[in-house]
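There are structures below to look over.
Presented sequentially are two complexes of chain A, the first with chain B as partner and the second with chain C.
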Partner chain A sequence: MIKRGKGMACMWYPIGFTVAANASAATVKVNTDGTATVLTGTVETGQGALTVLGQIAAQTLGIATDDVHVVSADTDSTPMDTGAIASRTTYVTGNAIVLAAEKAREILFEAAAPLLNVRPEQLEAVDKKIRVLSFPDRFLPIDKVVAHAENTLGKPSIGSASYNPPTVEMDPETGQGKPFNAYVYATQIADVEVDDETGEVEVKKITAVHDCGTPINPMLVEGQIQGGISMGVGFALQEEILFKDGTQINPNLTNYIMPTSLDMPELEVELVDNYDPTGPFGAKGAGEPTAVPTAAAIMNAIYDAVGVRITNLPATAEKVLAAIQEKNKAVA
Partner chain B sequence: MKVEITVNGEKKIADVSPETTLLKMLRDEFDLTGAKLGCDVGDCGTCTVVVDGESVNSCLMLAARASGSEVLTIEGLATFQKLHPVQQKFEDLGALQCGYCGPGMIMSAKNLLDKNKSPSVDEIRDALAGNLCRCTGYTKMIEAIQEAAKEINTTNAL
Partner chain C sequence: MVTRNKDLQKTTESLLKKKDSQAPSKKPVSVPGDNPVIYPLDLPESDARLQTPAVGARATRPDGRLHGLGQTKYIDDMSFPHMIHAKILRSEYAHAKIISIDTSAAEAIPGVLATLVGDEIPVNTFGPTFQDQPVLADTIVRHKGDGVAAVAAVNEQIAADALEKIKVVYEPLEAVFDPQEALKDSAPKIHGDKTNIYTSKIIKKGDVEKGLAESDHIFQRQYSTQMVEHVPIEPHASIALWDGNGRVSVWSSLGRITLGREDLSRTLSLPQSKIRLIGTIVGGNFGGKNEITNEPILALLSKKTGRPVKCVFTRGDEFISSTIRHPFVMDYTTGVNNDGKIIARKIKLILDGGAYCSWTGTTIGKGSILAAGPYNIDNLFVESYAVYTNKTTTGAMRGFGAPQVCFAYESQMDEIAEKLGIDPLELRLKNAFTEGSASPTSQQLQSVVLKESLKQASDRFGWKEWKK
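Presenting the complex of A and B:
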């Protein structure tokens, strides 16, 4: 018989470790055509980091994201970055880019201030303009200001900066301290169907609600969460590296089974409105945390459906069926 | 041996050894590197191309077997002016992440829409079942294919 169950799991995940050096450096230069170039050592692997970093630079400089060219991942020409690891890129590299872009922007404010008869701190960078705060009609186009700074004042608009979440020593006695600079939170709910005669589990739906601070690019965050859930579903029900005599016996996709489009349930993803004052424009991170609660939620749903606790993943049909039979024996 | 096929509307001839797969010929002889070599044994679908109207794993088809066929690869979808609606919607909705599965995924989707103008979600899931994606969870792809179907249908209705 098909039994339905619902399970929930919550998690927190740390962003920006502080137990050791964790730096990202960045360089931002604004060009005389009003575009900008960002140099970063981090790597794009499909998570959308370079888009997000370009958005962060664009927002700081008041220009369009399409006008930002991001150059990345070349040890010859790009600044040091600890890496596209630990869900740290938006937070740590993003903060470095804000700081670098602010320096480049400061040069533009100083160049534009006398021309607009104000002090640099009375200026803002928006809509491709350097503009007087609260006086939207008093402005200079950003490309003109860059050219003036470069060619007349001899001060090219460029900034380099690095960000390192302040390193905090852990208490050697208690092992306690503040190992990370920020934390994200999430809850996922799994709806499953379990066939109590075969042990087969089908995930029907996963509802995922995540906090990542203020999402810089909600579409990409959603994609990260959906992808993380697919890894979580595989972890819960299918994926396992099998060894025999120290050798992997399922080293290819014929026998290492991962979710296909038929295995993936309907996904409902929601982002919580939040703001972290230590992150770039309020953002924290969204990579690894997305996969954390999925398997736990599915195991709880299996328990809800058929009353067995699976504590050894993946919860294959064989394992679930064995647990159900065990339970039935105990009852009889 | 000589193999003569039509690729993306262009007649092509190659001299290949008998065990050469269609994928290897496309990539090595014709420089069409859109179709990817993922597993080489028919598990992943990154090598998907359309042969005479059927989507196939080109790593499993011998080049000789495709002789005389019409082959469509990902390179044949876009023009310089315009992406194919499936490509455009994949881009608009952020349906790909690392992109490695993309060429195969998009060819499977395109072939589905050629045969079924308004596929249901289940029909789309079926059509993509041979294309593995490690990154995305498939959700945005399914949405993008539905959107592309809508767009193709409205353009055709005009």
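Presenting the complex of A and C:
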């Protein structure tokens, strides 16, 4: 018989390295037509990081995402970066890019201030304009300002900066300290069906509500969550490297079973409104935490459906069936 | 899991129906060469990419179109004139001394241009935390994924055939595969001769024994998790070119090039200024591509042959020689009052650390700090140990120990909720971190929206109304 169950799991997860320095540096160059180039040593690993970093540079300069080209991942031309690890790219590299873009922007403010008859600190960069604060009718187009700064004043608009999250060493005896500068939070809820005659578990739906601070690009955050859930479903139900005397016996995609798109449940993905003052425009991160609570939620849903608690992952059909049979024996 | 054939059929049908209406408005353009451009070159941009402000926009990716069309160049698609291919011979044993390696028969095969063994590598150790791992094992193999020799040949098939001609004489050593066995004094030692525990962590807050003694209920359970692979669609891949100016360029699927160059500089004994490391477009990382693997080997084979050398891991290499997720054995003891308030939690984590350290330091750190869950608990004790075993190296993987401990702490939350007759949502809300809560390391937390996520998810799911 097919039995249904629901189960929830929440989690917390840190952004960046545990105490250890994990700096990022960045260079931002504004071109004379108002477009810009960002140099970063991070690597695009498929998550869309370069899009997000471009958006962060664009926001700081008051231009559009498409106006920014991001050059990455070449030790001959890009500055140091700790890399695409520890859910740190948006937060750490993003903060470095904000600081670098602010330096490039400052050159534009200084060039535009005399032309607009104000002080540099009275200016803002929005809508492709260098504009007087609280006086939106007085502005210069950003491209004109860049060209003036570079070609007339001889001051190209370039900025470089770095960022490293502040932490406090952990006490070796008690572990007390401040290992990270930011954490994110999330809840996932699973709706499952368990066949109590075969032990087979089908995840029908997962509702996932995640915090990433400000979502720089909500679409890419949703993509991360969807991908993380698929990894969580595999961890919960299918994936396992099996050994015999130190030899992996299933090192191939025939016998190492992982979820395909057809195994994916219906997904409801939402973000929690939040703003972290230490992140770029309030952003924290979204990469790893998306895969964290899925298995726990599914196990709790299996228990709700058939009353067996799986304490050893993955919950394969064989394992779930054995637990159901043991429970039935105990009842009888 | 059930394959939803009906859904697939429906999707296919709807795609076929749409085919005509979705045809490109302009004639496809082709350019000469092996990479015809099959789409209109004047690209329409999404409004989200053109808008200001940029933050918050659902901007499409600049690389998305090429991915969608299968036009992205991964390392496997890249080629250089006179490029040759490398393969790596893996250990026959999980734990053994290497007595001798004879590559002469492999070198005699037509098409084989060079071989490489560990003692030819200037500094034959690496590792992101401490350097306990050989690039190619030269004295001891500690798991079956250890490389012992490499071959460079004009094509992959000849390189693979040549591996079979390499004669390695081993003296097998006693091996240990279970982390709890590896903890025993009698267990064979994998590194050094003292203990297999190579890193540990303690988190201590309040008085856990007193807290447990004063709690109305005690919950105790052991949870454990398995080894899993990252399974990126693109396996580890690199190309190295040692040029006539004495500079080496490496194209790699590595996710962290700054530290990758440091590792290359160290292993090759070459100044960083003479190394160019280029991170290519990566077909999935998930933590598995955060340290060097074959890069120093390819660089040295290129130096020997004067040719660009490429190596793309097979799926088998990817499973057995790259890092995987740490299995955890987790003992949880939790003291709770009748009203559901958690008073004390005591946790012991044993991490199967595999043959080498890799990113275990980070995994045990995050795993321990996060182990108690996002809950206000005044009395806490977490002790964690990572143990060497003669198995695949466990390293960084999406979540660094967090999915393992979350499975334990959230399973136990539901056990507590059931026993006390409290709704799982309410039990979590009762104990959840809020703005300013002190973490297990007594850090004051900010921008905490755990309760908001619990309520929003429950509302969206329909937690209270949901019926079986």
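Criterion: the second predicted complex is superposed on the first by the 327 of 332 C-alpha atoms of A that agree within 3 Å, B and C clash if a C-alpha of one lies under 4 Å from a C-alpha of the other, contacts with A are read in each partner's own complex, and residues count from 1 in each chain.
Criterion: a residue touches a chain if its C-beta (ideal position, glycine included) is under 8 Å from a C-beta of that chain, and two chains touch if they have at least 3 such contacts.
These numbers come from a predicted model, not from an experiment.
Student: With the two complexes superposed on chain A, say which partner A:Ala291 touches: chain B (first), chain C (second), both, or neither.
Tutor: A:Ala291 contacts chain C only, not chain B.
Student: Kindly classify A:Ala9 by the partners it touches after superposition: chain B alone (first), chain C alone (second), both, or neither?
Tutor: So A:Ala9 only meets chain C here.
Student: Return the chain, chain B or chain C, that is in touch with more residues of chain A.
Tutor: Of chain B and chain C, more residues of chain A lie in contact with C.
Student: In the superposed arrangement, does A:Gly177 touch chain B (first), chain C (second), both or neither?
Tutor: Touch partner of A:Gly177: chain C, not chain B.
Student: State whether A:Ile229 touches chain B only (first), chain C only (second), both chains, or neither.
Tutor: First partner only, chain B.
Student: Mind working out whether A:Met219 is in touch with chain B, chain C, both or neither, as first, second, both or neither?
Tutor: Touch partners of A:Met219: chain B and chain C.
Student: Name the contact category of A:Gly48: first (chain B only), second (chain C only), both, or neither.
Tutor: In the superposed model, A:Gly48 contacts both chain B and chain C.
Student: Does chain B (first) or chain C (second) touch A:Leu262, or do both, or does neither?
Tutor: Both partners, chain B and chain C.
Student: In the overlaid three-chain picture, which partner chain does A:Asn252 touch, first (chain B) or second (chain C), both, or neither?
Tutor: After superposition on chain A, A:Asn252 lies in contact with both partners, chain B and chain C.
Student: Hey, what residues of chain A end up touching chain B and chain C alike?
Tutor: 45-46, 48, 219-220, 228, 231, 252-253, 258-259, 262
Student: Which residues of chain A touch chain B once you look at their complex with the stated criterion?
Tutor: It is residues 45-48, 219-220, 222-223, 226-231, 252-254, 258-262, 264, 267 of chain A that touch chain B.
Student: Touching chain A in the complex: which residues of chain C?
Tutor: 1-4, 7-8, 45, 48-63, 93-95, 143-144, 175, 177, 201-205, 221-229, 231, 254-259, 261, 272, 275-287, 289-290, 315-316, 319-320, 324-325, 362, 365-366, 368-370, 373-374, 382, 390-392, 396, 398-400, 402-403, 406-407, 409-411, 414-415, 424-425, 428, 432-433, 439-443, 445-450, 452-454, 456-458, 460-461, 463, 466, 468
Student: Would you tell me which residues of chain B are touching chain A in their complex?
Tutor: 39, 41, 43-44, 93-94, 96-99, 124-126, 128-142
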